[in-house]
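Shared between the two complexes below is chain A, which has chain B as its partner in the first and chain C in the second.
And then the complex of A and B:
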């Protein structure tokens, strides 16, 4: 298993796309911090990168990589190896590479310029989102055989998580404005890892505004250590459950 | 002529010096209790109290005397009495530690209460666990300086105000520290008063609260972490300068709440980390200048009932929302402020942006109507909505804008 992980890791590094992404993130975050006169504005710009670009690159690159290595997978399956360990190694390699690339590209500049609780939580969320979207990409890739269709599916998934879901929430909020929606909203936010991550960051970044009545509900839930723990568990579930389903599917997949 | 005058003055001076005597109170001294000393004291005398614990019930002062404590003698009200009642002018009380005044919901029991008089000085005392701390009733020209007041009762009904002034005039309140009371400082029908250099923090309700109190000045005070911040209502000609409003958090908490305030100045203040730094309702002819708003939830909520409010030369830095409002009409003037969210340009390099800045974002308006929408804040979706609104304003008030936004922050 270690060998496969090592191979996947080296293969990804060799493809240079991830290295390019890392350098892109690095240049972007450094220039953001250097351009803005106050670093909290820099964090704000970085927030958009973490919530939009990181999931996009993660999901797209992973899906393409899985499709491109289909022959390699076939070869591995023909060896006396468990399918489960093949698939998990592939995941660990991909997720590790994406998380590392985010950490080097955005994490280190954040640590350099904004070594605050807000900065730390942003790094944690960024790494988690990388890992989660690799897992979602692998599920999508195992479910659709055709490469073009698969890539379309992951693009749609990304669009759903970063935009459509929020639109839906906004629709619900206005449609049911007469009802107390604060608590259901806490639950709904758990259905989207990007939203959950964003709220965790907001709690550090906009804590003053969040102390208003509605905000206080979120603060009371996510702001406590139990709430934080629950949110983290949900984030891990977002990585683990799609992966687990994809392993099950891969076990019985006719390659 | 001048010689005679000087002579007369000298004689007068000698006379007063001779007549005033010092009366000592304490173990092994002339008197054991302050009340005994008060009986024989005459106008102009000083009563000097040594350290110790004095449980004398109510101490009533009806003569023009100075009451001074050495090493903070403790006056214990045993949770039953009003500790000191002053009913005479020209009284000075300094250097005491007053603890455990009575608590009542019928009478306003205080640590030190001043009744219908003038020229009273309350200086450098410590008040712990008093119901009301220092209470001025219908008094004028009094000075409250360097006192430290602290209460720990958490129930609002059992906790009075720190410094409470009712129907008073020309007071000077400086360098006091008030903590844990209901309202830190409370003024009602109090005029021409100067409030300088006080620290009011962790009070249950407001750090500073005044109503119907005109022509007052509040300078270099610090209001921090109060239950509901600072509320000022129904007053005119108020000046608030160089105060600090810090960390007033909560839905009903405001750095500064202005309700029905007219003809007033708010300048050179610092608003840091408040949920709403300034909330204005029915405020008219207010000038807000050279203030710094930093890390607030809302820097300003200005309701449609406000008129002729001038907001100029302020710094708005790292606030979640700059301005919130509830209507579509704005009769107020925003000019020459620095907004860190401004994205315009300055072609002629005069330091003033060439496109107006609209401080009310669409998302702030959405949250105003539908508070739970806060959950979507800073999402891709909300950013998109804000950008489109910036291009074509439809939902946000069209004329609430700063036509001359500054490109660089002011040095404040």
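And then the complex of A and C:
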């Protein structure tokens, strides 16, 4: 398994896209921190960009990479290797590359300018989001054989998680405004890793005071260490469950 | 050595394998023939575990291949269309396979590399290769690890006459080493002096599996192409 991870990793580095993305993140975060006079304000600006860009690049690059390495997968499957370890190696290679790219591109500037608990949480969330969206991309890629269709599905998924889901939440809030929705909202937020990540970071910042009564409920729940632990478990589940399903599917896929 | 029992594989509405059972033993050289789309490649890919059959079982040396992946150590497979990572060189692909199989130094069979002069092309990237050279790389990888079973899917398609002769000599040599060789080909004339058994497939069904002597006696023809032609016209 280590050997396959090595070849996947070398191959990803050779494509230079991940290196380009790292440099882009690095320039972005350094310029944001230098533009703002207050570095915690910089962190807030960076938050919104990271919540949009990291999932997008993660999911899109991984899906394209899985489709482009179909030859490689075919070659490996005919060799004395377990299908499970081939697929998991591909995941480890991709997730490792994306997480590393985020850590170097955004994590190091955050550590340089805003080495606070909020900053640390932001790095953890960024790494987790990278890993989660690689896993979702791999599930989408194993389920759709056609490359164009698969990339379309992946784009829709990203659109759903970053825009449509919030729209749905607003719709529910508006329609059921007469009912007490504060507690169900905590549960609903777990259905979207991006939202969950955003809440976890925002609650560490002072701006959570602006979130009204729902914000107070969130603070009640996620502010405690059990709430935080549950949120972390949910984030890990978002990475593990799609990956687990994709392994099941890949075991029986015809190549 | 390889026993397939009542294999069924469907791709949507198309039945690629329809109740196929066969037994292959060491020392045999089997020609797998049949019209295009008769399920030859699907059968081969099922044996390799690349295609998972809907029903039926395949055993290799008595072990079911479904949960068992180590058996592929003993198989050398040459695909019909070799697909390799585009931006790796020939040398990198070969080294990667050695690395993955964990056999870097011990008795590797590099005869084909030498005979085809591939050692001069080791730095060429896979994407720049011609169809024939790609085919040669596939063949080299199939023979490299001295496998007990060789599965060759259209081995000489795209090879020039000289290279094709070199490959055939190599197959004859390996046959003498008591290996099981399964070949599919449409060029029946080149199978004449190689094969000991013939499997004929049509529309996913295994029509017959007989030794070549038996077929020659039954039809009264010496050449394999004539034998098959007379059998097909009888059907």
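The rule is simple: the second predicted complex is superposed on the first by the 248 of 255 C-alpha atoms of A that agree within 3 Å, B and C clash if a C-alpha of one lies under 4 Å from a C-alpha of the other, contacts with A are read in each partner's own complex, and residues count from 1 in each chain.
Basically, a residue touches a chain if its C-beta (ideal position, glycine included) is under 8 Å from a C-beta of that chain, and two chains touch if they have at least 3 such contacts.
In this text the structure is predicted, and so the values were computed from the model without any measurement.
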**Request:** Please tell me, clash or fit, for chain B and chain C sharing chain A in the overlay.
**Result:** fit
**Asked** If you stack the two complexes on chain A, which partner ends up touching A:174: first (chain B), second (chain C), both, or neither?
**Response** first
**Item:** First, second, both or neither for A:122, with chain B first and chain C second
**Value:** neither
**Message:** For A:243, using the defined touch cut-off, is the partner it touches chain B, chain C, both, or neither? Pick first, second, both or neither.
**Reply:** neither
**Request:** Determine, under the contact definition given at the top, whether A:134 touches first (chain B), second (chain C), both, or neither.
**Result:** neither
**Message:** Taking CA centres after the superposition, what's the angle at chain A between the directions to chain B and chain C, given in steps of 10 degrees?
**Reply:** 170
**Request:** Mind working out whether A:71 is in touch with chain B, chain C, both or neither, as first, second, both or neither?
**Result:** second
**Request:** Count the residues of chain A touched by chain B and by chain C, then name the partner with the higher count.
**Result:** B
**Minimum C-alpha separation between chain B and chain C after superposing on chain A, in Å** = 38
**Prompt:** Once the complexes are superposed, what residues of chain A are shared between the chain B interface and the chain C interface?
**Reply:** none
**Asked** Across the complex, what residues on chain A touch chain B?
**Response** 37-38, 40-41, 44, 47-48, 51-52, 162-163, 166-167, 169-170, 173-174, 177, 181-182, 185, 189, 194-195, 198-199, 201-202, 205-206, 208-216, 218
**Asked** Of all residues in chain C, which touch chain A in the complex?
**Response** 11, 45, 48-52, 69-73, 77, 79, 83-87, 96-97, 99-101
**Item:** chain A to chain C touching residues, read off their complex
**Value:** 3-4, 7, 11, 14, 69-72, 74-83, 251-255
**Asked** Which of the residues in chain B come into contact with chain A in the complex?
**Response** 249-251, 253, 273-276, 295-298, 317-318, 320-321, 340, 369-384, 409
